[in-house]
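In the two complexes that follow, chain A is the common piece, with chain B as its partner first and chain C second.
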Partner chain A sequence: MLLSVENLKVFFHSDGAVSRAVDGVSYEIRKGETVCLVGESGCGKTVSVLAILGLIPQPPGEISGGKIFFKGKNLLDLDEEEFQKIRGKEISMIFQEPMTSLNPVFTIGDQIEEAITTHDTVEGAEAHRRTIELLADVGIASPEERTKDYPHNLSGGQRQRVMIAMALACKPDLVIADEPTTALDVTIQDQILHLFRELKEKRHMALLYITHNLGVVAEIADRIYVMYAGIIAEVGSVEQIFRNPHHPYTMGLLASLPSRAKKGQSLYSIPGAVPDPAYKPQGCPFNPRCPHVQESCRRTFPEMCDFEDHHFARCPIIFQQRKGS
Partner chain B sequence: MLAFIGRSAIQKIITLFFVSIISFLIVHLAPGEPSQIDPLNPKFTQEVLERFRKEFHLDKPLHIQYLYYYRDLLTGKSVSWKDNRPVLKKIYERFKNSLWLFILGTLITWTLSFPVGIHAAIRRGGLYDRSTTFLAYLLISIPGFFFAYMLIIFVVTHFHVPVIGMETFGISSTGWHWFMDRMWHLLLPSILGAAGGIAVLSRYVRNQMLEVESQDYVRTAKAKGLSPDKVHYKHALRNALLPFVTMFGLILPGLIGGSVIIESIFSWPGMGRMAYEAILARNYPVILAVNFISAILVLVGTFISDLLYMVVDPRIRL
Partner chain C sequence: MADQGTDHSVLLVKGLKKYFPVRRGFLQKVIGWIKAVDGVDLEIGQGKTLGLVGESGCGKTTVGQLILRLIEADAGQIVFRDQDITAFPPEEMKPLRKEMQIIFQDPFGSLNPRMTVGQSIEEGLRTLDEGGRPWRRKRIRELLEMVGMPPNVDDRYPHEFSGGQRQRIGIARALSVEPSLIICDEPVSALDVSIQAQIINLLEDLQAKLGLSYLFIAHDLNVVEYISDAVAVMYLGQLMAYGPAELIYDQPLHPYTRALLSAVPVPEPGRSREWEPLGGDVPSPFNPPPGCKFQGRCPLVEDRCRREEIQFYPVEDGRRVRCWKVLGK
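Right after this comes the complex of A and B.
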C-alpha cells in the first residue's frame, strides 16, 4: 500500500460555525495504480488531498482526526521541515488552474529547475538538461527555447503541461492531479488525459486523480471513490461502479449522464442541492435527496456495506434489497 | 522600446502645454491681483500701481500675458514680483533645503514600511500584526502639528538639543560639530514627514502581500517543497512588489512640493513655505514656476514608472 488515508476529518472554522468539509474519509492507493476521486464541487475532494500534502491553511482549517499513511509513515505526525522533503519529491500535485498556478514573474525553465534543485543536489547545467528533457516528455515542442518563456507566453494547455513536468521533476511515487483538465477546452482535455496515461505507463507512478467528470473517470481510472458531502459514498472498480452502482447517489450521477438519455427526453438530475457543510442533515447526508430514503436514514449514519469483491457502498437500505433478492 | 520613448515624450509635451494653460488660467481667475494686495500701504499710489501693472504686463489681455510669462520662464528671465530676483534661482535655493528633508524622509518611509508590512502579512492575525496595525492607525489619526510639538518637547527636554530651523542660530563651528548640529535639525522634521507615510505605506504593503500570498502560484511553490522563506520572500514578495514600482516614480513630485505644515513648524526655509507665501502675495511668477516644475516632475515620474514596470514585470511590453 502506497498511501492510505484513514478516517480523515478536516473542519473549517468561520464565524462560530464549523464546516465539516471532510468528515471521516478513507481511501487507499497501491503502487502504480490510478485512483479517481469523484464528486461534485464542494464535496471535499480537494480539501482531502490538500491535507495529504499538508497544505490546509490552519487556521481557519483544522485536521480534526484521522491518519494519512504514506509508505508506512503517518504524514500528520511530520513537522514542517520533514513535510518539505516529501512535497514535490515523493508526492507532487497538479492544480486545477493552469492559468494562475505558475508564477508570472519567473520563466518556466527557472520554475522547473527550482523543483529539481530543491530536492536533488545537482549542478545548474544538469538541472537545465533535465528540465529540457521533462518538457520534451510532456510534449512541449522545441523545449530548449521554451525554458526561457514566461507563463504568459504559453497557452492554457501548454501551461498545464509545464505544471505536469514540474510535478514529475523528482520522479515522485504519487502524483495528485486536482481536476487538471477542468479549465481547458475539450480537445486539449483529451490531449492531457492521453499524456497522463502515457506518462503513467512510462514511469510506473501512482496517480490520484480528482474530477467531477465521469467521462474522464471511465477513461483513466483503475478504481473509483465516489464522494458526497465530505464522506465516501461508494468504492469500486470502473467496471463495478459503471455497470452496477449501489449507492443511490452514484446511481443518480450515472443516470444524469447525457449519453444515457434518450433523444427528445430531458436529462435526469438529482433533486435538491448539496448540503452546506456547516449544516449537514442528520443521519445519511444524502437522505433529503434520496429516492430510496427510509425512516432510519434520517436517524443513523449509514455503515459501509460490503456488496461484493472490493465493492463497497454506504447504503444499508440498498444492501438489504440486493441481499433479499 | 525607442518608439515607446518617442511616443511618450510627444504625449508628455502636449500634456505639459495644456497644464501650462490651465494653471495660468486658474491663477489669474483667482480673486485679487498683485497690485491690490496691500491697498493701505501709502507707497502704493495710483501712479505706482499703473507702473507696476505696466511693468509686469498686467494691463495686457490674458493670452498676451501667457506668452510673455512662459517666454520669460523658459529663457530663465522670469523674476519674482516681490523682490525682483530670478524665480528659478529662488526656487533652486529653497529646493536645496527641501531636498535633504525629502531624501531622509523618503528613505525612512521606504526602509521601514516594507519590513513592517511584509512581516505583518506573514504573521497575519498574530501579536506583531495586531500591534503594527494599531500603531499604524494611531499614526494616521494623530494630527501632524500635534505630534510635531510632542516630539519637539520630548527631544528638547530630554536631549537638550535645539531643533528649530536648519541649524542652530549663529553657529560658527565647523566639521563634526557642525555636521551633528545639522543632523539633529534634520532628524525631527524627517521623522515627522515619514510617520504618516510609514503608517499608510506599511498597510498597503501588508495588503498587497496578503493578496499575493493567497494566489495559486504561492500554493504551487509550497507544493514543490520549498522552504517557507523561499515561498514568502522569493515567490510572493517578487509579485507583491510590482505595484510599488509605479509608486516609486510618483514620489518624484514630492521633491518640489515639500510640506507647508512641517516647514512652518520647524521654520525650515523650504519649497512648501515659499510656495505658500507666494500664493498669499499673488506672486504669480513663483506660483506658476513651482506649478510648472511639479507638472514636469509628475510626467517624468510616470515615465520612469512605465520604464521600471517594463523591467520588473515580464508581462508588460510597451
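Right after this comes the complex of A and C.
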C-alpha cells in the first residue's frame, strides 16, 4: 500500500461553529493505481488531500483525528522540515487553476528547474536538460524555446501541461490532481486526460484524482471513492460503481446525468441541497435527501457495508434489501 | 430551422457581426480586429430551445448580448416577432425588454447582495411601471412559488441561499415581466450535478407551462443535447454546423462537431474508443487566417480550406454545415 488514509478528521473553527469538513474518511492507493475522489462542492475531497500534503492552515483548521500512512510512515507525525522532503518530491500536486498556480514573473523553465533543484542536488545544465525532457514528455512542442516563455505566453492547456511537468519533476510516487481539467475546454480536457493515461502507463505512478465530473471518472479511474458531506459514501471499482451502485447518493448522481436521460423525460434530481458542514443532520448525512430513508437513518450513523468483492457502501438499508432478496 | 418559414419563429438572426478593435500605443491606433461574431444566422421557434455550443472565446456569449442589444452589432439583422429591432432606438426597445430576458451563469455575481430577493425580482416590474405596489408584492410571491422557492423568502438577502436557490431567484427575476424569449447564458455550469438536474427540469417545466423560447448557451454538450430542439455549433465567431439536435449529435458531419463530441468524457466505463484527441489549441480570434476557421486543427484540411472562404452549405436533411469536404462540394 502506497498511501492509506485512516479515519481522517479535519475540522474548521469559525464564529463558534465547527465545520466538520472531513469527518472520518479512509481511503487507500496502491502503486501505479488511479483512484478518483468524486463528490460535489463542499464534500471534503480537497480538504482531505490538503491534509495529506500538510497544507491545512491551523488555525482555523484542525486535524482532529486519524492517520495518514505514506510508505508506512504516518505523515501526521512529521515536522515541517521532514514534510518539505516529501512534498514535491515523493508526493506532488496539480491544482485546478494553472494560471494562479504558476508564478507570472518567472519563466516556466526557471520554475521547473526550481522544482528539480529544491530536492535534487544537480548542476544547472543538468536541471535544464531535465526540464526540456519533462516538457517534451508532457507534449509541449519545441520545448527548448518554450523554457524561455512566461506563463502569460501560454494557453490554458499548455499551462496545465507545464504544471504536470513540474509535478513530475522529481519522479514522485504519488501525484495528486485536484480538478486539473475543470477550467479547460472539452477538446483540451481530452488532451490532458489522454496525457495522464500515457504518463500512468509510462511511469507507473499512482494518481489520486479529484473531480466532480463523472464522465472524467469513467475515463480515467481504476477505483472510485464517492464522498458526501465529509464521509465516504461508497467505494468500488469503476465498473462496480457505474454498473451497480449501492448507495442512494451514488444512484442519484448517476441518474441525474443528462447523458443518461431520454429526451422528453424529466431528469432525475436529488431533492434539496448539500448540508452546511457545520450543521449536518443527525444519523446519515444524506437522510434528508434520500428516497430510501427510514427511521433508523435519522438516528444512527450508518455502517460501511461489505456488498461484494471490495465494493462497500455506507447504507445498511440497501444492504438488507439486496441481501434479503 | 434556419431555412423554414418564419411563421412560428420568435427570433430570427441574419448575418450578425461584431468586431472589436484592438488598439495599441500612445495614439491608441487600431492595429487589428477581434472578429468575435462573424456572420451568424439563427432562428428560434415559439416554445423551442436552440442550443448554442462552443469552446471558450468562440463568441457565443457575445451573440446573446447582441440579440438583447446590450451591445450593438456591426452588421446583420435581428428580427424579433417579425419586427426588425436591429436599429430600434432605446425608447422603442424599452417595451421589448419585457419580451426578452436573460439568465446568467454565476448566481453569486448576478444578484445584488444589498437588495432583498423581493427587491431584485421587483426591479424589472418597477422599471417598466407594471402594476401598483400591492400587486407587485403578490406577483413576487407567485413567481417564487413558480420557481420552487418558499414564497415568504422575499425579504431575505442572496447570501442566505445556495447556488441552486440563487439560480432559481435569477429565473424568477427573468420571468417577472412575462418574457417570451429567455437567453440562458451557461445557467447550470456553476452548479453541482445534483442541482444542475433540478434547474434543467425547472427550465423545461416553465417552457411547457408558459410557452417560452430559449437560446441556451453552454459548453456542456450533454446538457445541450438533453434540452435543445436545435443546436448551433460555433467556432471562432462562425457557425460550423446548425440543425436538429438529434442529427447534429447522432450523425455529426463537420469535423469540428465530430471532434467536440468525441472529446466529451462519457460516464460509461470500459467504452472502447480510439482515443485520438484533437490537437492544438483554440486559436485567438485576433486577425484569424483567411479560409476556414478550423483549418489549423482540422484532420481533413486541404489547400482549398486555406484559400477560400467556406460557405455554410445547406444539407438535404435540413441542417447546414460549413465544410465543403465532408459534403463533397
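Note that the second predicted complex is superposed on the first by the 325 of 325 C-alpha atoms of A that agree within 3 Å, B and C clash if a C-alpha of one lies under 4 Å from a C-alpha of the other, contacts with A are read in each partner's own complex, and residues count from 1 in each chain.
The working rule: a residue touches a chain if its C-beta (ideal position, glycine included) is under 8 Å from a C-beta of that chain, and two chains touch if they have at least 3 such contacts.
All values derive from a computational prediction rather than experimental measurement.
With both structures placed on the common chain, the touch criterion links A:194 to chain C but leaves chain B unconnected. When the two structures are aligned on the shared chain, A:238 is found in touch with chain C, with no touch to chain B. Legend: residue contacts after superposition of the two complexes on their common chain; A:88 is shown touching chain B, with no touch to chain C.
Of the two partner chains placed by superposition, only chain B is touched by A:97; chain C is not. In the superposition on chain A, contact of A:266 is made with chain C only, not with chain B. Touched residues of chain A were counted for both chain B and chain C, and C has more of them. When both complexes are overlaid on chain A, the residue A:323 reaches neither chain B nor chain C. When the two structures are aligned on the shared chain, A:80 is found in touch with chain B, with no touch to chain C. Only residues 125, 215-217, 219-228, 235, 238-239, 242, 312-315 of chain B touch chain A when the two sit together in their complex. On chain A, the positions that touch chain B within their shared complex are 53, 55, 59, 80, 84-89, 92-93, 95, 97, 100-107, 114-115, 118-119, 150, 152, 163, 166. Those residues of chain C whose C-beta lies close enough to touch chain A in the complex are 55-56, 162, 164-165, 192-198, 200-201, 204-205, 219, 221-223, 225-227, 259-260, 262-271, 275, 277-279, 281-282.
The touching residues of chain A, counted against chain C in their complex, run 40-41, 155-158, 185-191, 193-194, 197, 212-219, 221, 238-239, 242-243, 252-254, 256-261, 263, 266-271, 273-274.
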